[in-house]
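Read from first to last, the chains carry the letters A, B, C, D, E and F; within each, the first residue is number 1.
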Amino acid sequence: MSRIDGRQKDELREVKITKDFIKYPEGSVLIEMGETKVICNASVEDRVPPFKKDSGEGWVTAEYSMLPRATLDRNTRDISRLKKNNRSVEIQRLIGRALRSVVDYKALGERTITLDCDVIQADGGTRTASITGAFVALVLACKKLLNDGLIDKMPISSYVAAISVGIVDDEELLDLCYAEDSHAKVDMNVVITDKGEFIEVQGTGEESPFTREQLNKLLDLGEKGVEELIKLQKEVLED
Amino acid sequence: MSRIDGRQKDELREVKITKDFIKYPEGSVLIEMGETKVICNASVEDRVPPFKKDSGEGWVTAEYSMLPRATLDRNTRDISRLKKNNRSVEIQRLIGRALRSVVDYKALGERTITLDCDVIQADGGTRTASITGAFVALVLACKKLLNDGLIDKMPISSYVAAISVGIVDDEELLDLCYAEDSHAKVDMNVVITDKGEFIEVQGTGEESPFTREQLNKLLDLGEKGVEELIKLQKEVLED
Amino acid sequence: MSRIDGRQKDELREVKITKDFIKYPEGSVLIEMGETKVICNASVEDRVPPFKKDSGEGWVTAEYSMLPRATLDRNTRDISRLKKNNRSVEIQRLIGRALRSVVDYKALGERTITLDCDVIQADGGTRTASITGAFVALVLACKKLLNDGLIDKMPISSYVAAISVGIVDDEELLDLCYAEDSHAKVDMNVVITDKGEFIEVQGTGEESPFTREQLNKLLDLGEKGVEELIKLQKEVLED
Amino acid sequence: MSRIDGRQKDELREVKITKDFIKYPEGSVLIEMGETKVICNASVEDRVPPFKKDSGEGWVTAEYSMLPRATLDRNTRDISRLKKNNRSVEIQRLIGRALRSVVDYKALGERTITLDCDVIQADGGTRTASITGAFVALVLACKKLLNDGLIDKMPISSYVAAISVGIVDDEELLDLCYAEDSHAKVDMNVVITDKGEFIEVQGTGEESPFTREQLNKLLDLGEKGVEELIKLQKEVLED
Amino acid sequence: MSRIDGRQKDELREVKITKDFIKYPEGSVLIEMGETKVICNASVEDRVPPFKKDSGEGWVTAEYSMLPRATLDRNTRDISRLKKNNRSVEIQRLIGRALRSVVDYKALGERTITLDCDVIQADGGTRTASITGAFVALVLACKKLLNDGLIDKMPISSYVAAISVGIVDDEELLDLCYAEDSHAKVDMNVVITDKGEFIEVQGTGEESPFTREQLNKLLDLGEKGVEELIKLQKEVLED
Amino acid sequence: MSRIDGRQKDELREVKITKDFIKYPEGSVLIEMGETKVICNASVEDRVPPFKKDSGEGWVTAEYSMLPRATLDRNTRDISRLKKNNRSVEIQRLIGRALRSVVDYKALGERTITLDCDVIQADGGTRTASITGAFVALVLACKKLLNDGLIDKMPISSYVAAISVGIVDDEELLDLCYAEDSHAKVDMNVVITDKGEFIEVQGTGEESPFTREQLNKLLDLGEKGVEELIKLQKEVLED
């Protein structure tokens, strides 16, 4: 079987990470995974949420949103419905957790870094692209803090990237595009560090349940994909 | 090592499912897992969301909420902040997905079943208790539809239940209570059918990442826990 | 004439007050009046509203809500409509006023007690049941403050309870259940202390106006009902 | 004892009802009770709420609001807090109930009359002034429907007016101005028809409870006040 | 051609400014331009927005709203839609800018003056009437501050007034009433000082574009109208 | 005097319009004016607002928003404050009016075109860049309708573009960047057709009023700027 866009089952789409995409944020990245395009901006602010007040520690949080026409049909803006889109809530919680897992709050000091992930074009895998891109924006912002002498050492303990995997027509596939995702039986997102450890595994068989064996095949694919993504993150950041 | 409440590592808390807890809903259950108590009400309504209109098919959805004082400190009500709690949004999406995975929409016909999961006392594991309890409420509501001659056959294809597992002090534990959950390094929720297949696996290592080996141990524990819960569901429903 | 459930005209439904129903609140009660069931939780917090700041005085307030399926048909949650239900607003203002009337703010000190009244099953008289139950929860919370040495004397000056009365088919009745209430011509709620004094009288003849004579008969019934309720409150609290 | 503004205990403030105050509404009135000024506009619309659909019957509802500077200090607008003021919610429910009690829905036909009561200057008794003024606006709107041949007979069965009474310094007083109201021990609002029957009695002793004897004295005062107000309503409407 | 209400092309409607219309605000005015009636209240508060904190400078802002039945058809209140009307937002920003242009923030000191412009009857030109009336209310409030010894000198540098002009049936007209405005091809609002200088020019040819020549004719008309309005403002304020 | 970026007083920044920037919308453009970057997407939908129902006519509307970090400091998202930014409301009303002025609703048929203008980087002149870019997106969407045989002729009557002009340090300047705009005494936006006619003129002298002479100089500059922009629009569209 050949995939809809001619890729191998374990092949990522073309990935491109453009640094310093927007000029104002402390860290800014445009990540493109095939036709999926997400602007990831990291903003550093000298405030922390109430539960971190006077702790000497910082915080990292994320917001995820899509432009109304990032998708085939136009979506009403959240503000017009006075309600944050439920899917966006779920996704931004995932992005926040994923990035916080590699942050040293003490080293960051009492400041908050907000990762704004705004999808300008969606073609599947926007949440994992957001994590992979936001990690680079986060590192850029931290490097700026270090260069500006505001912190003493990089507050990032590992590289982290994410990828989607899934089962389509009984085949385990890496990095699903929308056309694949929309008829996948099983849909999974994995967040993995450069040490090969898992930060998050989220697999859903809403259409049809899956076995331990299938789960393991999917995790293998995910590990392969993340390894490649982290290689690219390193190239971009060392550039 | 003995657990905080004296349980074995692979031991569930005492589980109790009370049928017909509230008199108005088509299906109603109080589920207690240790000190965690959730009212799960299933409401049948003769309407479907726009994307199911004139499809001959039904829909299942869930809403999750906690009473303000279900927890140690009082939480402001959602309506006072004009914002559904983000954690609740994430949880109710999970409950909905979990239950929809075993529903035959055609057999249900053009009606919506809403599962309201209201936590009156929270001591860890409220999302998995909600799934396990809501499944029973869902079956009760479907049985009523069948008994009333409104549907021809039960629109439920499998039993489904959920349990939390986690790593605390380097030990894999089943069914974490709040005291355990609050210092777990890894936190995972599994939703499994009576055929032993996975509907959802959600594992998070926000505090510390985890290995494939640990993931497998946690899944083993989860399978054991769900098996016992489904046994109880069957007893309650056949009663 | 015999009432729908066989009661005498001046007879209360079976009343049951369960103390310490939820484990976290400073005071917690489940009150059942026939099929009406309300969880009343009292939460003590070390903050006061702006108009009480630095006054040395405390405050008491109430919130009232119903679970979506506390009634025959499912009600949309407030948060889904982004609007507190108007009836709930009216009721929680009544509960707050009723309880504040017997509180000594100086003795309470600069803290707020919030009474959360959550109706889990509604069969008429939920607002008066909430007042009667919330009073017990309030006393329990104050006793805890006293036992913990945080206050010097009980800040409660009287017992207070409430009951509904109404005119159905030209008969004055005590403690209307929903079936009676829904075709009552006159509907009245009274809040009375253990000294037989009135805190609040609210009578409405939306369906048909009423005379001074009818008003007086209803007040007689209300006094009788509250007397019995306060007797029960005392038994529960002295238990 | 002489009252703050020299009135007798059972004396109304000067009352003035100006018809056709605003030119667009089907009925419009400015009511002034002393320094309290409320614009009461009645709007007729050819729609009914869902529960009246296809019933052949109409509906009457009210909205109450204050201009930000109707009071000594400026109040934030509801829309700035995204929340209808709780006190306004309680009041507009009272106004709606009071007016509906004298409306013949069949005679009105499937249309809704909305009574907008906007307080431009508040000096106590705004809710009762609103009811008294809105009744006149309602009658004007119904007369217009009759004159336009849209209805066959007046859908109003009685006159209705409202007044506040209260206990200040142990004296029962009629029609409290703000200076009196703000230190009243007992505060009561009565809504009474021209047949002397009660539509609504709302008495609150938040500051101090009251006896049956006091209640009866207050009702006597209220009956006297409403009688005078209805006389004025008749003069204005017959003019 | 004679205008709908018999006016000359360059003739204002009858203008009336009533001082001290509401008793509580520091400055209060009812402005009537023909059938358009707006209550303009100025409230002084001892607080400034965050960006003026500790600057020694004050702030001036405006809020604009219409009563639901200020217009031919009833408008839903903002709070019922949980959304400030977009047109009102645009208008209140214009009013605020217009008034701030003549305010000396230093002389005002760290306080905010809010101009509430509430339209009780709308017949065209409500935004310009609001500016003209609010300016008088603003001056009254400043005079009160001066008289009370709270400021040392008047913080107002010029008179300012506003008027609408437009092109109807190819004729340039001054001060359009609603009947004219509703079929105007070009609609313009000008805000001008007593020195003849422009504060704001807003011209829109949504129905049909306009030439420089037409623009100049409209500005001529606007200058004439504002001159007359400022003359009236002076009379009212010197009265 | 040389400008901050070395431009002549009557010189535009470098303008770039990229067609088909996002793949899903019926018309999509990235417009860059110097460092200002706006994505303009045109979405065609088969529905019209209520006031156009069954009229055979279409509608055009606009929404304007900025990414949180399009500016120097991060702005909170509208949805987090539950309130559309007031400035954005004003701007999107302007964009909508500007584009509607050149649309033939009959030729468009009963469909709505929504222009989403999302600023990803803001350096002054975002509202005029939005109009200029959105016009191109609108034409692209109409061309698609024509090519798809859904309409018979182009429903666009003129080209339209917009530019900002202003007075900085007593000099009239074309196309202000943020550094200039932030200390401009007078700020004006003009919307002009390819026939040289005005659609909208908005000039504000909040900092300092302006004369007729200055106004005329600014309009001259604006005409020159728009002429160049429309030339570019034509090149892009004919490409």
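The rule is simple: a residue touches a chain if its C-beta (ideal position, glycine included) is under 8 Å from a C-beta of that chain, and two chains touch if they have at least 3 such contacts.
Every value quoted in this text rests on a predicted model; they were computed, and no experiment measured them.
Touching chain E and chain F at once is no chain at all. Of all chains, the one whose Cα centroid sits at the greatest distance from that of chain A is D. Each chain gets a centre from the mean of its Cα atoms; for chain A and chain C, those two points are 50 Å apart.
The centroid of the Cα atoms in chain A and the matching centroid in chain D are 59 Å apart. Chain contacts: chain B has residues 82-84 touching two or more partner chains. Traced around the ring of touching chains, beginning at chain E and stepping first to chain F, the chains run E, F, A, B, C, D. Only residues 82-84, 86-87, 89-90, 93, 97, 100-101, 158, 193, 195, 197-212, 215, 219 of chain F touch chain E when the two sit together in their complex.
On chain C, the positions that touch chain B within their shared complex are 22-25, 28, 35, 39, 41, 43, 45, 63, 65, 67-72, 74, 77-79, 82-84, 114, 116, 118, 120-121.
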